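So, here come the structures, one by one.
Across the two complexes that follow, subunit A remains constant while its partner is subunit B and subsequently subunit C.
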Partner chain A sequence: MAPLLNGSAQGALLLLAALGLSLTFGQMGVINMAHGEFLMIGAFSAYLVQQVISASDLSIPVALPVAFVVAGLFGLVLEVTIIRWMYRRPLDTLLVTVGVGLILQQAALQIFPSQGVPVEKPSWLDGQLTVLGYGWPLRQVFTILLASVCVAVLSAWLKYTSFGRRIRATVHNRDLAETAGISTRTVDRLTFFVGSGLAGVAGVAASLIGGTNSQMGAQYIIPAFLVVAAGGIGQLKGTIIAAWAVGVALAFFAYWTTGSLAQVLAFILVIVFLQLRPQGLFTVRTRSLV
Partner chain B sequence: MFSTSKRMRALVASSAAALLLAGCGARAGDDTAAAGSSAAASCVDTSGATIKLGFLNSLTGGMAISEKTVSNVLHMAADEINASGGILDKKIEYVQEDGATDWPTFAEKTEKLLTQDCVAAIFGGWTSSSRKAVKPVVEKLNGLFFYPVQYEGLESSPNIYYTGATTNQQIIPAMDFLASKGVKTLFLAGSDYVFPRTANAIIKLYAAKLGIKIVGEEYVPLDKDDWTSQVAKIAAAKPDFIFNTINGSSNVGFIKAYYDAGLTPAKTPIISVSIAEEEAPAMGHEVTGNYASWNYFQSLKTDTNPKFIESWKAYPNSSGVTSDPMEAAYISLYLYKSLVEAAGSFDVDKVNAAAKAKPITFDAPEGKVTLDGENHHISKPGHIGRINADNQFDIVWASDKFIEPDPYLEGYDWFPADIRKQLTDAAG
Partner chain C sequence: MTKNQESGMTKMKPWISLGGIGVLAVLLLAVAPLVLSDHWLNNLGKYSCWAIAAVGIGLAWGRGGMLVMGQGVFFALGAYSMAMHLTLETAGDRVPGFMVLYDPLAPLPMFWEPFRSTGFTLLAIVLLPVVVAGALGYALFKRRVKGAYFAILTQALAVALATLISSTIRETGGDTGLSDFKYFFGFVLNDPANRLMVYLIAAGLLIVCLLAVWQFYRSRFGELLVATRDAEERVRFLGYDPANVKLVAFVVSALMASIGGAMFVPIVGIITPAEIGAAASILMIAGVALGGRASLFGPALGAMAVGWGQSSLGSTWPDGWPYVLGLLFIVVILFLPYGLSSLPARFAALRRRPPKEQPAPAPAPAELEEVHS
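Here is the complex of A and B:
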C-alpha cells in the first residue's frame, strides 16, 4: 500500500511539473528547457510570500496564485522577447532556453542565500491520513489534490472557453486557425503564460517536498519531458496517466531495490515504452499531411 | 548478491575514474614536457612585493551552493593576512578561478593556475571528484593544493594538504557518541557517491565492533530531493538512530519526509555529517533537535572563535553564520602561511620539508590544530552538536582530546587490511 500511495504523490508532483510542458511543448512544439527554472521561480515566490504573510497556514494558499502569475509573467517575457522568433525551430528553442535557464539559476544564486531558503509548510498539512494501516503524510495528499484541481481547471478551460477552443484550433492547424480569424500570436502568448504559470504552481508544491534553491529545477525537467513524450504529445490525458505510472513505478522500484536503482529502472521503462510506441500513449488526430 | 553488485559498481566506477584521471594526467604531463621539466617550480615569481595564490571554487553550477562561501572566506583570510603584513613580507595577490561544478574544469584550471598564473599554491575544491581531478595535475606539476572539506579519507598526497576531517575525526567520533548513548540499532541513509558509500563501509565495520546492529541502508542520487519511499522503509525498520551521509539539497527533502512520516528526534534521532550552520536554515524547524558531527561549530567556546565569527559577520557578502568547512578553508590559508614562514621559502619541496621538520600549529577557531607532516592532515577535536531552534548547535559531546588524523585508519584493529585496499582502490 505504501509504495502505491507514495508513488501516486510522486506522480502528482511530476504531473504538475509536466502539465505546463504539455501545453508549451505538447501544444506549441516549443522545447522550453527553462521550465524547471520557472518551477524554481514559483518556489521562491512561495518563500517571498511567506516573508510578507508569516503565518504559513495562510501563506501557502496565497502563494499558489502568486507563483502562477509570477512564473507566468517570466514565461510571457521569454515568449515575447525570444521564443516567438523561433516557432517551428524546436532545436533552437532548446538551446536558447537552456541558456535562459542557466541565467535564471545564477540570478537566484546571487539573490537568495546560496544554500536555499526554507518554505514552512502550513500546520494543516502536519500529520498523516491513515489508509489501510499506512500513515500517509498529508503533504502528499495535498500534492495530489493540487494536481487534480490544476488538471480539472486546465481541461475545463481548454474545453469550454473560447480561448481554449482557439488554442486547440491553433494546435490542430495553425494556418487554418489564422484563416478563420484567430490571432495565433495572442494564443501563443497566452498559452505560454499559462504553461509557465503552471510550472510556478508546481514549484510551490515542490518547495513543500524538497529544497528551495537555485538548482531545484534541474531534477524535474528531464522526467517532465519524458512524461509528456510518453503520454503522447499534445494529450493531457496521456500526460496524466504517464506521470502517475512513472511515479508509482519509481515508488515500487524504490521499495524493492534502492533509490538510485529505482531512478534507472523507471526511466528504462519509459525509454523502452517509447521505443515500442514512439508516438506515446495517445496521439492527436489531424488532417494535416505533415 | 547485494555486496557483489556493489563491488561491481565500484569496479566500473573506479576504472572509469582511472581512465579519466589517466587522460588528465597525460595531458598535464605533455604540457610540462613542452615547457621544460621544472616549469612549475621556476615559474612562481617571488621577486616582487606580492605572492600569487590561486583560489579554485565552483562559483557556478550545482556546487556553487556550498563553494561560494568557501571562496568568500578565503578572500577574508587573504585580506586579514595582508593587513597584518602578508606572508614572508609579501602581500597575497589571489587569482580566483571558477571550477564550475565540472571536474575536468577543475583539472584544467589547476593547470592554468600553476603554469600560466604561476601561483605558489591553490586553495579550494569541495567534492571528492573535484579533489581527485586536481590531484594528478598538482602531482605532475609539483604544485600545492589545500583542500578544506571533510571527506572519506584513504588518501594522502605530497602535493595536497587536507584541513577538513578525515573519517577518524568525524565518522568515528559520531559512532563513539552513538555507543555512549546506548544505541543498539542504526539505519544508514546516504547520497549515492563515493563519500557516503565509503563512510558507510567504515561505519558497518565499526558498528560490528561496538555491537550496534545496522538495520538498513538506503541511497538516493545526489540530485534527487524526494526521500519519501526510503523514509517509509526507515519508519518500518524503527532504528534507534539514523546515520545520515546525505549531501546537499537532498537533505532538505530527507528532513521533510522524515518529519512527515511522524519520526521525531525524541524517538528516532538523526546524526548527520553534512548539515551545518549554513545548511540548517533551509530546513526550517523540522530539523531541530537532531544531531551533527563536526570538528568546528559556531557555538564553540575557544579563544579565537569570537573574533572569527565577528570578522565573518562583518565581511561583505557573508552568509552571517560560520560553519565547519569554511573554518577549515580559513585554516588552510593560515596553515600555508605558517608552513612558508617555517620553510623561509615558497618552494614546494622546501614547504613539504618544513612540514616534516617540526610540528606546524595554528590557533584555529576550533582550537590549536597541529599538522601531521607525513600524511598532510591536521589534528582536530571531535564534537557532536544538537540543532536548536535558532539553527545553531548546542554541543552535547566532545572527544577527550584532539584526534590525530589517520586517513587510512591504520590505528584501528577492526579495519582489516584487505578492506582498506579494496576501498582505496575503489575510491581511485
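Here is the complex of A and C:
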C-alpha cells in the first residue's frame, strides 16, 4: 500500500513536470531541455516569495501563480529570442536548450547558496491522511490535488477557450490555421508561456517534497521526457497514465531494491515499452510517413 | 546548400582530406612528443580519447542524423573494461583495495573474474559496445524510433548507467570510481617512456578512426547514410532498409566511443561515473557541434578544443566555464549548425554570389535629410 500511495504522489509530481513538456514538445515539436531549469526557477520563486511573505501558510498559495508567471516569462523570452528561429530544425532545439539549461543552472548556483535553499512547508501540510491504515503525508496528497487541478484547468482551457482552439488548430495544421486568420506566432508564444509556466508550478510542488538547488531540474527532465514519449505525443490522457505508471513503478522498484536501482529499472521499463509501442500509449492516426 | 557542398567537397577531394589526416598524424605522433612537456602530452592524450569518441559521433549524428546523446554509455563500457583489468593487474592475486574497504573478506564479484585475462579485456572493449549498440540500435531503428525520441532514450541510458555505477560502490567503486593503476598490460605506468607509449597508442587510434571514417564517407555506404539522414522515406522506397544503414553507423560510433574510453583510463588514471553520465555525454556532443558535425576533421578538432576548455578553463575558471559551454551550444547551433568547418564554404558562397542579388542598400538617413532640407 505504501509504495502505491507514495508512487501516486511521485507520479503526480512527474505529471506536473511533464504537462508543460507535453504542451511544448507534444504540440509544438520543440524539445526544451531547459524545461527542468524552468522547474528550478519555479522552486526558487517559491523561496523568494517566502522572503517577502514569511508566513509559510500563506506564501505557498501566493507562490504558485508567481512561479507560473516567472517561469512562463523565462519561457517566453526563450521562445522570442531563440526558439522562434528553429521551428524547422526541431532536433537542434534540443541542443540549444541544453546550452540555455547550463547557463540557467550556473546562474542559479552563483545567485543562491550552492547547497540549496530551504523552502518552508506550510503548517496545513504537516498532517497525515489515514488511508487503509497507512498514514499518507498531506504533502503528497497536495501534490496529487495540484496536479489534478492543473490537468483539469489545462484541458478545459485547451478545449473551451478560443486560445485553446487556436492552439489545437495550429497543431493540427499550421498552414490552414494561418489561412483561417490565426496568428500562429502569437499562438506559439502563448503555448510556450503556458508550458514553461506549468514547469514553474511543478517547481513549487517539487520544493515542498525535495530540496531546492541548482541541480534539481536536471533530475526531472529525463523522466519527464520519457513520460511524454511513453504517453504519446500531444496526448494529455496518455501523459497522465504514463506519469502515474512511472511514478508507481519507481516507488515499487525502490521498495524492493534501492532508490538508484529503481531509477535504472524504470528507465529500462520505459525503453522496453517504447519498443512495443514506439508512438506511445495513445496515438493520433495520421497518414504522414514520418 | 551547405550540406550538398560539404558532401560534394569530400567526394571531389578525398585525397586532400587524406593528406590532412597525414598532416595531423605527423603533428600528433611526431611533432607533439618532441615539443610538448609530459604534462601537456598527457593532456593531449586525454583530448585524443574524447576526439576518438567524437569521430564516432560525427559519423552517427553528422552523417547519419542520429543525435547520440548517450555516448557516455559506450565510453563507459570501454573505460570500465580497461579499468577493471588494470585494477586487477595492480591488485595481483588479492582482491582490489576498495572492495576490501567495505568488507575485508569480500570475494571478487563474478563479472570481474574474466577481466584478469588480457585477451578477454581487449575483446570486451571491442565486442561489448558492438553487442549493446547492436541490440539497442536494432530494436530502436526497426521500430522507427528516431529524432528526439532516440536522443532522449540514449541520454536516459547514460543517466541510468551513471546512476547504477554510483550506487554499486562495492562492485564498481561508485562515485569515487576506479583509479590508482600501476601497470598497463605489464608496463609500469609511472615510467615516462611508457606514458609516451600510451599517448602514442591513443593518438594512433585517433588517426586510425579518422582513416576509417574517411573511407566510410567516400564509400557507397557513406552516400547511403547521408541519403538516409536527408530523406529516410525515399531511401526506403528505393529498396534499402534505413534501419540497417543507421545500425551500422550507430554500432561503429559506439565502438569508437568504447575505444576512446578504454584509452582514457591509462592516460587519465581514473574513471568515475561523472566521466560517462549525462553531462559528459553532452560535452562530447559540444565538441562535435563546434567543429562541424558532418565534416571529417570537425568532430575530432572540436572535441579537442572543448576538451582543452573543460580541463583548463573548467579548473581555472570554474564559475565561467558553464556559461562558455552554454553559449557555445546556443551560438553554434543557432548561427552555424554545421560548425566551424562550414565557415570556409560559407565565405566561398558569399564571395561567389554576385552583388546584385543582395538587396539594394537603403538610402542613408543623411541623404534623406538633405532632400528634405
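Here, the second predicted complex is superposed on the first by the 284 of 290 C-alpha atoms of A that agree within 3 Å, B and C clash if a C-alpha of one lies under 4 Å from a C-alpha of the other, contacts with A are read in each partner's own complex, and residues count from 1 in each chain.
Everything below uses one rule, namely that a residue touches a chain if its C-beta (ideal position, glycine included) is under 8 Å from a C-beta of that chain, and two chains touch if they have at least 3 such contacts.
No experiment lies behind these values; they were computed from the predicted model shown.
Taken together through their common subunit A, the two structures put subunit B and subunit C in a clash. Once chain A of one complex is fitted onto chain A of the other, the partner contacts of A:106 extend to both subunit B and subunit C. Looking at the shared chain after the overlay, A:25 reaches subunit C, while subunit B stays out of its contact range. When the shared chain is aligned, subunit B and subunit C each come close enough to touch A:260. When the two structures are aligned on the shared chain, A:85 is found in touch with subunit C, with no touch to subunit B.
Touch criterion met: A:9 reaches subunit B, while subunit C stays clear of it.
Of the two partner chains, neither subunit B nor subunit C is touched by A:164. Within the superposed three-chain model, A:65 lies out of touch with both subunit B and subunit C [touch as defined at top].
In the superposition on chain A, A:222 makes contact with subunit C only, while subunit B stays out of contact range. Remark: of the candidate stretches 22-30, 238-246 or 364-372 in subunit B, the one overlapping subunit C after superposition on chain A is 22-30. Residues common to the contacts of subunit A with subunit B and with subunit C across the two structures: 102, 106, 218, 258-260, 263. Interface residues of subunit C, counted against subunit A in their complex, comprise 65, 67, 69, 139-140, 143-145, 147-149, 151-153, 155-157, 159-161, 163-164, 166-167, 232-233, 278, 282, 285, 289, 319, 322-323, 325-330, 333-334, 337. Within the complex, the subunit A residues that touch subunit C are 25, 31, 82, 85-86, 89-92, 94-96, 98-103, 105-106, 110, 218, 222, 225-226, 229, 258-261, 263-264, 267-268, 270-271, 274-275, 278, 289-290.
Within the complex, the subunit A residues that touch subunit B are 2-3, 6-7, 9-10, 13, 102, 106, 109, 113-121, 127-128, 135, 137-140, 206, 208-216, 218-219, 250-251, 254-255, 258-260, 262-263. Subunit B contributes residues 60, 62, 64-66, 68-69, 192, 218-221, 223-230, 232-233, 249-253, 256-257, 260-262, 278-279, 281-285, 319 to its touches with subunit A in the complex.
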